[in-house]
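Chain IDs A, B, C and D follow the sequence of writing; residue 1 opens each chain.
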Amino acid sequence: MENLIALLVAAPLLGAAVLLCGGRRLDRVGHWLGTLLSAASFVIGLALFTDMLGKGAEERSLHQHLFSWIPVEGFKADVAFQLDQLSMTFVLLISGVGTLIHLYSIGYMEHDERRRRFFGYLNLFLAAMLLLVLADNYLLLYVGWEGVGLASYLLIGFWQHKPSAATAAKKAFLVNRVGDMGLSIAIMLMFTTFGTFAFGPVLEATGETSEGKLTAIGLMLLLAACGKSAQVPLQSWLGDAMEGPTPVSALIHAATMVTAGVYLIVRSGAIFNGAPDAQLAVTVVGAVTLLFGAIVGCAKDDIKKALAGSTMSQIGYMILAAGLGPIGYVFAIMHLVTHGFFKAGLFLGAGSVMHGMNDEVDMRKYGGLRKYMPVTFVTFGLGYLAIIGFPGLSGFFSKDKIIEAAFAKGGTEGWILGSVALLGAAITAYYMTRVMLLTFFGEKRWQPDAQGELPHPHESPKSMTIPMILLAVGSVFAGGFFSIGDRFMHWLEPVTHHDHGDSPLSAATVTGATMVVLVIGVSLAWVQYGRRPVPVVAPRGSLLTRAARRDLLQDDFNHVVLVRGGEHLTRSLVYVDHTLVDGVVNGTAASVGGLSGRLRKLQNGYARSYAVSMFGGAAVLIVATLLMRAV
Amino acid sequence: MNPVNYLYLAALLFTIGATGVLIRRNVIVVFMCIELMLNACNLAFVAFSRLHGNLDGQIIAFFTMVVAAAEVVVGLAIIVSLFRSRHSASVDDASLMKL
Amino acid sequence: MSFPLLTATAALPAVGAIATAAVPAARRTAAKWLALLFSLATLALAITVLIRFDPDGDRYQLTESHAWIADFGVRYELGVDGIAVSLIALTALLLPFIILAGWHDADPLETKSSRWRPTQGFFALILAVEAMVIISFQATDVFLFYIFFEAMLIPMYFLIGGFGDRAHAGSDEKASAQRSYAAVKFLLYNLVGGLIMLAAVIGLYVVAGNFSIQEIAEARANGSLDMATNTERLLFLGFFFAFAVKAPLWPLHTWLPNAMGESTAPVAVLITAVVDKVGTFAMLRFCLQLFPEASKWATPVILVLALISIIYGALLAVGQRDIKRLVAYASISHFGFIVLGIFAMTSQGQSGATLYMVNHGLSTAALMLVAGFLISRRGSRLIADYGGVQKVAPVLAGTFLIGGLATLSLPGLAPFVSEFLVLVGAFARYPVVGIIATLGIVLAALYTLVLYQRTMTGPVKPEVSTMPDLRVRELVVVAPLIALLISLGVYPKPLTDLVNPAVEHTMSDVQKKDPKPEVEAAK
Amino acid sequence: MTGLAAYTTSTGEAFQFWVLGTVAVIGALCTILMRKAVHSALCLAGTMIILAVFYLANGAYFLGIVQIVVYTGAIMMLFLFVVMLVGVTAADSLTETIKGQRWLAALCGFGFAILLFAGIGNASVKDFNGLAKANEGGNVEGLASLIFTKYVFAFEITGALLITATVGAMVLTHRERTERAKTQRERSEERVRGKHLPPLPAPGVYARHNAVDIAGLLPDGTPSELTVNKTLRERGQIRDVSTEALNDLRALEQRAADRLERPDPHRKGGGRNGDGDRAEETEEASK
């Protein structure tokens, strides 16, 4: 059965290869081929899943060794897959949501002449992502890690004729590279510490090394996670990444890729358990990002950017949970899955709205759309309820658990983290309500587009609505399904070793608190956007708002410090290379030339002066001979 | 007195001749100085032959004279034609070796 | 005595060079085909060498040895170990592509302004370079090696100075002036290095009494030949300097950008992917093997230089406005990695370095050749003159991107394997060095992506709008390279199997052991 | 070499050496210091003669004679001829044109001299074998036997050398006629048609210098190049005395006026007894 694992990766990879090398003759069937292959890997995943359910909790972890990749003295890297419950969860999520989004893209990208290539990239992404979660060692994971980076680069920059898109793509890749640096250093550390970087040996041997080493590794892994999951301080790329086509935002920058960081941390749980400082760092990063994303999300008028902000903050929740250690791992993953559903749903909804509004993205120019695109409205609404944690929907279960876990961390940290998480919940409720109201309620604020014609919103085609509906279903029931009887917890138990912290607050109190902040957030938004009409042009807003519109000045900081600094550095270096390094050599050449020029003057052509030199030479010779005699 | 003094004299004359070659510009004088040097050498040879008590030194001196004669003939011929061509007897005027 | 395979491999291209040069001026195309034919034949021979070579056999195989200059104990000694074999294969492999890519580079121009350039000469010179490179990979006699190491300069000089890039910003006079400047610079740098090495070679002979690497190495190993510490260090420096110029290592690198910028893309590939490899190869073969102690003594300085090259080269690449100069500085950065791997003195580092030589050859060839095609279309080397090519010529852009990704050593492509090995190798012994070097991968991403973004994406520039996509000939050049990059990235085992034994030998030469992992050490 | 070895020479020779040696050195110095080539030549000749004497003193009788005959008799005369050809009076300035040449020359000279002396000093020849034995059969015979036996080849080759040198000299100095020699007829016709029907005017005739180098004066008192020999003209050795002549004339008339108390010197009679006057005047003027 485990021989099927490779197929999970192979199917989409094949798709990518065929679609990208196939040429124009595949244009007509390309998208169907792509969808088919991702569906295929979903089916294989299901097959493996059912097979896995058939086994006992212990022997569920499958392992497949393909071939030895880099055999070098004392260095063993294999291409081998490991499929345990954690990987399984991701496989299903990735291939499932992935397939839906393939389906959606068929409609969404209908009018793009490069649709074939788009599907090729999507398949490439699936392959890389699956490789990432299936790898049984960190190096192979690194391959997938960078692979998804590449895919996201290609997809963000898919509309390359837009300079903004190209720039955003480059930015994403570069910021991710910084993270990757962390990962590679972490791998080197593992190699020097454990002599290997396969999950099994490393995670078992954590006990045998110093805490300092573990902390170092943990921090490096955290850096990697920050890059991939857009956590502070490496979050700046996610907002710009919205330049990509909406399905991409939904699949890569909401549901799957950005959660890779969470996967990495949970997967390396053993290391973090051994390094409390690293864990603390993780939680802090998570908490900060949680607020950061939320605040940014409140200020953005671009619907996708607002959702991006919310993604950031939701992943902040997951990272926070993952930082909590065994208390939180499960919930991190659970929230990850539910988030995968509803955030993908929300993005698809947003995409469908834009589709109907001539690709208008400014929410202030929407309004009152619920009558025009009911399906979108309903699905989007369900996603909305799910994300703000409306009781009974999936978001409620997962997020609530995380907040509990945060408190359960105990001590002042616990209190701080918990309250931050609560605050985050409130803000989430606020900005999501804002989005909802601005888009679907209130009066129409539609503006004529470039061609000067008013948009005439319409419901999107089946191929787009069906995925939305399915995702909506997921975002409604997934949470409940998971948490009834702690199914999900028991499912992941063997991998993450869950333990219940001692929460200072009872589950009920936490839930109550969550409800309260929820209501507060929603009502605030209602007061601000529901009752009075919304200005089409955004008001200047408070300082915080303006800062938040600019991603809390993070980009400006980067620009001033990194970009400018870098430019100056390179320019001065170019100068140095030209004048100093090169100058030294040219200088030597010049001086030699000058010297010979001066020597040239000795040859003045006067026989007598030649005679002098000859005579002198004779004298010198005599001296030499005399000295020789003397010696 | 030791005949070695002849050698000293020869050396002195030779040096004078050489210096003359260096400081005079008139071709003919330069040429004379060369002759002077040759004669100095001859003197040395003769002195040597006396010191060693055989005639080979004199033979060499003799040959030197012959060669000197030949040299003078050719040299003066050159000088004459040189003077014809450029109405001057200065060595410095013939400085075509300058680059 | 068996068939002298190595000699044949080296001699064939030489014969080809003569034959090509002999083709009458009118039959230009014939000359091209002849050159291609010979390079392919050489490739075939190189492959037979590859097959005949047994990785687990003796250190040097297929050896040939004849007395040459008996008085000085100079022998005509050839022999290959895993490293040499792989590099020979690389050279022989790249040459046909280089020739194909340069198919029209040496065609005489119609315009009066630029002088007529004999095609025959161009291809003959390229083949001559190949011959010399191959034999200097094979030579196990220091003197023999030195001769070809130096002789290489002659054809290279003419290739750079005589067949410059036609896409030049300035006027023809300016172009030819800069070209000859570049050529002379190349020649002078390498000559200086070479002459210093010559002194060292003579010194070695004085000390050791013969030129054969194997004998000297054995003598050093069994203690029958012990050099005074200072002598060894001086000799080492003499050799290393020459190789550092060739490699090129900071601060001896400035000839490379000029040379690569001014010469045609195929010649640039010849320089950086083939000729420069002799330098790094020689570090591995001569410096470490003949002067193990001195190598260890010099390691710290060399590592620092390598680090500087990595970061400095990358930063300068970011700052370049000229596509080819950018690639040149990128190469400098990569050579920094190679040297780092060699002198990290760990088996990972050295295998990594060896793989790096091969992979860098492939990746640079891919990137540079595609860049050459691009330049030949637009007639300009300035990045600023391009934009939106992706929309007009998607295949070209795609191949360019893959070449770029290989340059930034994306996992899954061959360079990643080698780069990571080098990093791990360096990190294992000198963690700080490893970490600093890791910065290089970020910078690599920066210059590659900036280049791609500026040239390929964005709105289509009018001058670019009529640009044709890759032609069949060009695809034939690029496709195999990319295929190799991918396959070696996914399954480098054949190469590593070839290299590992040789690396173990080198490690035993320098009497270094890999540092034990902490956990095992604890046990 | 019993009996032949000696430590010193006779006092007579010593005396001769010191005296003549000094003279020789002075002669040599004069050779290189005289401004006029002809003087140099003469000094050199003197030096050579002294050398000849020294040869004789050293028992090289043949060489001594040859020295006098060949060198001072033939070669130096040859020199003098050339000097004459080039110009006796042509004195070249001794100011140095090449920067530092003189200093370098002096330095080299001194250094060289010192070196040679040092070398000779090192040689340390205590005793010496006189030529008595070698010269037993006569010096000339001795030389001859050596020349025609041991050095015969060298001798022959020298002969060849001399021949070659002679031919070479002829070749070098021989001037190829560029145009056909004129016949007498042509010459006479030329003469008749040309400007000067009579023979060319004679050079100046004042009995002062060797007057051939003084241009004759035309009626208006200006000198005429035509009167001077072509060679001198080429050498630029024409001495222009026209101004002197005119001054003399004025002075003469002045004095005549004083002495004869005649109101105006331009009377015809003034010219009558003028010849004697002129004679004495010229003498005065010549003082």
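Operating definition for what follows: contacts are C-beta pairs under 8 Å (C-beta built on N, C-alpha and C of every residue); 3 or more make two chains touch, one makes a residue touch a chain.
The UniProt protein names, listed by chain, are A = NADH-quinone oxidoreductase subunit L; B = NADH-quinone oxidoreductase subunit K; C = NADH-quinone oxidoreductase subunit M; D = NADH-quinone oxidoreductase subunit J.
These numbers come from a predicted model, not from an experiment.
When each chain is reduced to the mean of its CA atoms, the one lying nearest the mean of all protein CA atoms is C.
The interface with the greater count of contacting C-beta pairs, when A-C is set against B-D, is B-D. Averaged Cα coordinates give chain C a centre that lies 78 Å from the centre of chain D. In this assembly, the C-alpha centroid of chain B lies 66 Å from the C-alpha centroid of chain C.
As a whole-number value, the distance joining the C-alpha centres of chain A and chain C reads 37 Å.
Inter-chain centre distance (chain B to chain D, centres taken as mean C-alpha positions): 17 Å.
Counting partner chains per residue, chain A has residues 604, 606, 608, 612, 615 touching two or more of them.
Residues of chain D in contact with two or more other chains: 98, 101, 104-105, 108, 112, 116. Not a single residue in chain C touches at least two other chains. Touching chain pairs in this entry, ordered by label, are A-B, A-C, A-D, B-D.
Within the complex, the chain B residues that touch chain A are 18, 21-23, 25, 91-92, 94-99.
Listed in rising order, the residues of chain C touching chain A in the complex are 185, 188-189, 250-251, 253-254, 312, 315-316, 318-320, 347-348, 351-352, 388, 390-391, 398, 405, 410-412, 416-417, 420-421, 423-424, 427-428, 431, 434-435, 438-439, 441-442, 445-446, 449-450, 453, 456-460, 490-493, 496-497, 500, 503-504, 507, 514-520, 522. Residues 98, 101, 104-105, 108, 111-112, 115-116, 118-119, 122 of chain D touch chain A in their complex. Contacts from chain A toward chain D in the complex involve residues 604, 606, 608-609, 612, 615-616, 618-619, 622-623, 626, 629. Against chain C, the residues of chain A that register as touching in their complex are 20, 67-75, 79, 139, 142-143, 145-147, 150, 153, 157, 160-161, 163, 165-167, 169-170, 173-174, 177-178, 180-181, 184-185, 187-189, 191-196, 205, 208-209, 213, 566, 569-571, 573-574, 577, 581-582, 585, 589.
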